[in-house]
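Below are two complexes that have subunit A in common, paired first with subunit B and then with subunit C.
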Partner chain A sequence: MWQRLSFYDVRIIGHYLGVLILVSAIGLLAPIATAIIFGEWQPLGRYLLAAGIFLIAGSALRFLSISPGRLSRQQAMAVTGLAWLALAFFAAIPLAGSGHYSNYLDALFEAVSGFTTTGASIVRDLDHLSYADNMWRFMMHLMGGLGLVVIALSFGLFGKGGASLFNSEAHSEHIVPNVVQTTQFIAKITLTFIGISTVIVGLVCLGLGIDPARSLLQSLWLSISAFMTAGFVPMSQNVMYYHSAVIEAVLVIIMLLGCINFTLHAEIMKGRIRDFFDDMEVRYAALWLGVIVIVLTASLAGSRIFSDLPTIERRGLFMVFAAFSTTGFQNIASPQLTDALSSGAFLILALLMAVGACSGSTAGGIKIRRFGILVKNIVSTLKEALSPDSARVVTMYNHAGKRVVTPGLIREATTVLLLYGVTYIVGAFIGIAHGYDASQAIFESVAMASNGGITSGIVVPGMPASLELFYLFEMWAGRLEFVTLLALLIQLVVSLTPSRFLGWIHAHNEAREKRARR
Partner chain B sequence: MGAVGGNGGISPRIAALGRRAGAIALAAALGLACIIGIPAPASGVPGGPQQAFAESIGDENLVDPTQRADNSFIYDTTVASLFSQASLYNDRTVQVVGEVIGDCIRAEDGKSWITLTETNADDKSSISVLLSADQAGQISHYGRYGVEGTTLQVRGTYHQACDEHDGLPDIHVTTSSVQATGADQPDTFHAADLVPGMIALIIGFALMGAFYFARERTR
Partner chain C sequence: MKSPREKRELLEAARNAITGYTAVVLGIVCFILALMLLMAATRFIAGLSIAATPTATGQTQTVVVGPRT
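Let's look at the complex of A and B:
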């Protein structure tokens, strides 16, 4: 029997949703400060209004329960699922007023893409967007990449209910037993890498002749986008704008660091380098990348345009890492993806995004760990088939020490794999139904649900609203890895269904059980 | 029913006379057309790119001597078309007009990279343009928020995927000219614009304070 939300549940969920909205208002300080520093008075007005709306909505929701109790697991899932959508609705308000979006839906798409770190953008005339608006776009990446719950928990909010919230936001494990310390560790690692990358990319930008203020801003934004494996860029020419192999190399390193499990970052910091190289996910990822690089190189070598070695090395490899990490940076123009790349290379990029990188990182996609678990399960099944009946086969895998492949892990991996697969296919069908080329429709659907964000040209200003809404759903579902979102949707449907109907279903089920018992 | 012969019963002699009269009439019509100057049908693909041939003879001759003989036309096109019909323009001399945006980025051999964006409001396609330091010196405004960039017309070779620059789509410029210098359009401060935000903030902080008091009273 599905569990319905009581009025008490709604009050608790509303209260904690309010807390998350209030915490997210801190992110608005960055565009407000940027607008003041650069004298962007029109954006300043918009961001002050947005901050006010965040405070009003957040505080009003907290009034639903003055002294809330501890969050249950079901309530935590509802809070997390709703928070990602509610914040996007509020975050889109200042963007919609910028004049760079055709309508509010486009601004909402941008906000969802920002928070879910998808990085697909439908902004018009990006090159004339204000620094304040850009700063907000990248703050959304930062908050979304870290996780809204992680940010709130790192400030010590939520108390004992924090662990449920943490798990409901697609975080797989606690790096240290205390959930608050875990979130603080994640925040410290993130800020460290973004800081280092900002300095390096900023110096290169200065060397390229970009003025100091723009060098600082652009390097900060690119670094946030790279480590959060997100994909927004400040210039319409994407990474190609900088004409710098050094910047591209630095971004590849930061993207790869971003798609490593935070637990492994902790192991490395503790000096346990061996644990990193023994990790099942790292080994499978290296193998996967190796195979893909060989296949892609062979495919590009036979193509009409991108066939010489320096081009393959620079464009091909960068795109491999951008797709694998689900960052979505491009150093190939969107038309080149379909015109100049071979169809094989094009689909390889889609496959890379679909699979994604490591679990417990900022990357999207199905995740290598789930494939690893399923491979282990196949091996285990074969071992069982070849063993005596009395033998008990136990399959182990390496992740910060030896761990057992449990039926629960296999079930979770299979469920999520299927849900991603079905979403990719449904999204592709919807794209095809809108009249787009099949390969482009598949590519774009995968890019949205995996939060990869590389676009082949369907996601543009003026795209059909129905397709835009489905892509929006795909991004939201993919970021929360489906379970939290589906649980929320089921809770909402069940709670809003008339009780007489539910009572009828309950009575029907009871009667059937009685018949079965007889 | 039997088959009816050739001209339906007209004798061969009369038919031959008729053909001769028709040929004479056609020749007369063509001659008249030449005299009064009816233009011949245009060659080329309808709706295709316009080929800008030499605008004048002599020093202004626009035939590019570095291009192959069959490839020396200058295609007057748009930035968006360079991407939508990339293979058509690949390795050909093109002429595009666009707004210079972003920054001037140092390139090899004292050259510079700029980004030229489509001036059409609906399609803001942009392309990398490689030009000399002198040509870059013509640019007074780089477009960004609050700045309308210089509108530049560039003429050079378009590469769908440039061999020299690892597959980048770009234009190597030979000549450029400024069409419009651009302008600074800074935001002007209007206190009234900030009023809605300030009111919302005051209400928000008041609600936060009210919640704090309500919670303290329940303890």
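Let's look at the complex of A and C:
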């Protein structure tokens, strides 16, 4: 039943991993250029070394198979699943040498957090991190948010295997039938919005008195983090550093644009505004946010510090949008999340991250679409119960036109919902086992698995290594929405299990089935 | 060099995109303002509820810390 990976498969997977590593090396040009412009010679040395490592490793892997041919679905899943981890391993090398990370594991955590657009940072003394290192952190967000496979496909690098890879990276929709054009569209929209946001935020930063070079860099980084719904920030005080309601307002709009399905972006670009406002996810998201805002406000009304209306509206609403979009910006300090916010408000933020935003966007979490499908399923079940036997109930939903709710969609939604739920709970238990408060452990586990990134104080330098490794796994699993990762892990286990042992299991299962049939 | 037809199509696509995104951004801004109104209303009702909740009245206790002089 389970297909083993053969040596031929390993060579194909290695070849495509090599291609992705080589493509990712292009991202190193940004920190290298930054280091040269700002005269940061020590970081320049590190990034040139990293570029060399990327090129050597990528080229060596590519030569495992000279003419690889078409990718099978199993190979595509393995490439996608392994790419995120492999790239993080290499990306952590320049960070580890910066002196801002306690050890290589912390640098690896930062790299995984960057690529998976979680945004939980474990860096020491962020305010004095070099511009080159910061540029690399945000380049990881850009590459990870777009999708490593998307970037490679937009350059037409994967040839005939593209569609399998695209789907296995948790991209559920093709905006146009051609996968390469879809990926190019996603890249163009992303770069356009980042550009516009950089200009607006940059002008505000200049108005605040920040010098032009820093204004440009910080606005670029904040814009990348906001549209990719990622969460890294250039300063340790997060967005509170700027003391600017205007910047927070612009970031909210960019975060919300970032968590819109890219298919809807295509409809908006064609001027089909009605498709956007009629979309099931948009409507359910609006309803969900309305309910959350009522509950959050009622909860905060009784808290110690955040009970007055202007504070609730500015800080509460910003945190709601940051959690909903799974960006992870904070205008409330991490200790205040547990000390000053009411416990209800704290858990509401966790729930927002857990549910997440729209599918087919840069956002994480379970996604509104899956809840919408399950709600439609409930309505459909009730309709069937109340209808005559001869009636055939068909449930539709709006997403760039009318679509049917199929059993396959319901099964996928239920499966992913369960997998996320189990991961949140297991992560919480592991946090509790490390001695952390239960609500904090739940919050942090949800933040990692949903790639939300708001941290309540567990993810700090010096956190337990075992917990750090589990959170690393949660971020990786959440970004791939579990199915790809679990399929990869099963493939690896089956491939590494001796065939005699597998044969024994197979014979044992067949004998049991024969006895059951008798 | 783009032909006049291609230029016209590009202009129309740009016009559609600008119209579309202006409408969406305005929609988002209106939604945010609506949420702020909702927060204000909820805060007002919650404030009334908090004010109406009777506080526990009890004797105040004087706590002496350290030896009496």
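The working rule: the second predicted complex is superposed on the first by the 509 of 518 C-alpha atoms of A that agree within 3 Å, B and C clash if a C-alpha of one lies under 4 Å from a C-alpha of the other, contacts with A are read in each partner's own complex, and residues count from 1 in each chain.
Here is the rule we use: contacts are C-beta pairs under 8 Å (C-beta built on N, C-alpha and C of every residue); 3 or more make two chains touch, one makes a residue touch a chain.
Since this is a predicted model, take the numbers as computed values, not measurements.
Q: Using the overlay on subunit A, decide if subunit B and subunit C clash or can fit next to each other.
A: fit
Q: Going by the touch definition up top, name the partner, subunit B or subunit C, that contacts more of subunit A.
A: For subunit A, the partner with the higher number of touched residues is B.
Q: With the two structures laid over each other on chain A, which partner does A:Ile53 touch: subunit B (first), subunit C (second), both, or neither?
A: first
Q: Is A:Leu129 touching the first partner subunit B, the second partner subunit C, both, or neither of them?
A: First partner only, subunit B.
Q: Once the structures are superposed on A, label A:Val252 by its partner contacts, choosing first (subunit B), second (subunit C), both or neither.
A: After superposition on chain A, A:Val252 lies in contact with subunit C alone.
Q: Applying the document's definition of touch, where does A:Gly271 land relative to subunit B and subunit C: first, second, both, or neither?
A: Only subunit C is touched by A:Gly271; subunit B is not.
Q: Looking at the overlay, does A:Gly408 come into contact with subunit B only (first), subunit C only (second), both, or neither?
A: neither
Q: For A:Ala298, is the partner it touches subunit B (first), subunit C (second), both, or none of the two (neither)?
A: In the superposed model, A:Ala298 contacts subunit C only, not subunit B.
Q: Given the touch rule stated above, what does A:Leu317 touch, subunit B (first), subunit C (second), both, or neither?
A: A:Leu317: touches subunit C, not subunit B.
Q: Please give the least Cα distance, whole angstrom, that subunit B and subunit C reach in the superposed model.
A: The answer is 7 Å, the least C-alpha separation in the overlay.
Q: Could you give the residue numbers on subunit A that contact subunit B in one complex and subunit C in the other?
A: The overlap between the subunit B and subunit C interfaces on subunit A comprises residues 313.
Q: Within their complex, state which residues of subunit B touch subunit A.
A: 83-84, 86-87, 101-107, 112-113, 115, 117, 121, 124, 126, 128, 143-146, 160-161, 163, 165-169, 186-190, 193-194, 196-205, 207-208, 210-211, 214-215, 218-219
Q: Which positions of subunit A touch subunit C when the two form their complex?
A: 252-253, 256-257, 260, 267-273, 276-277, 286, 289-290, 293-294, 297-298, 301-302, 309, 312-313, 316-317
Q: Using the touch definition from the top, list the residues of subunit C that touch subunit A in their complex.
A: 13, 15-17, 19-21, 23-25, 27-29, 31-32, 35-36, 38-40, 42-43, 46-47, 50
Q: How about subunit A: which of its residues touch subunit B in the complex?
A: Subunit A reaches subunit B through residues 22, 39-42, 44-56, 58-60, 62-63, 66-67, 124-131, 207-211, 214, 235-237, 240-243, 245, 305-306, 308, 310-311, 313-315, 332-333, 335-336, 339-340.
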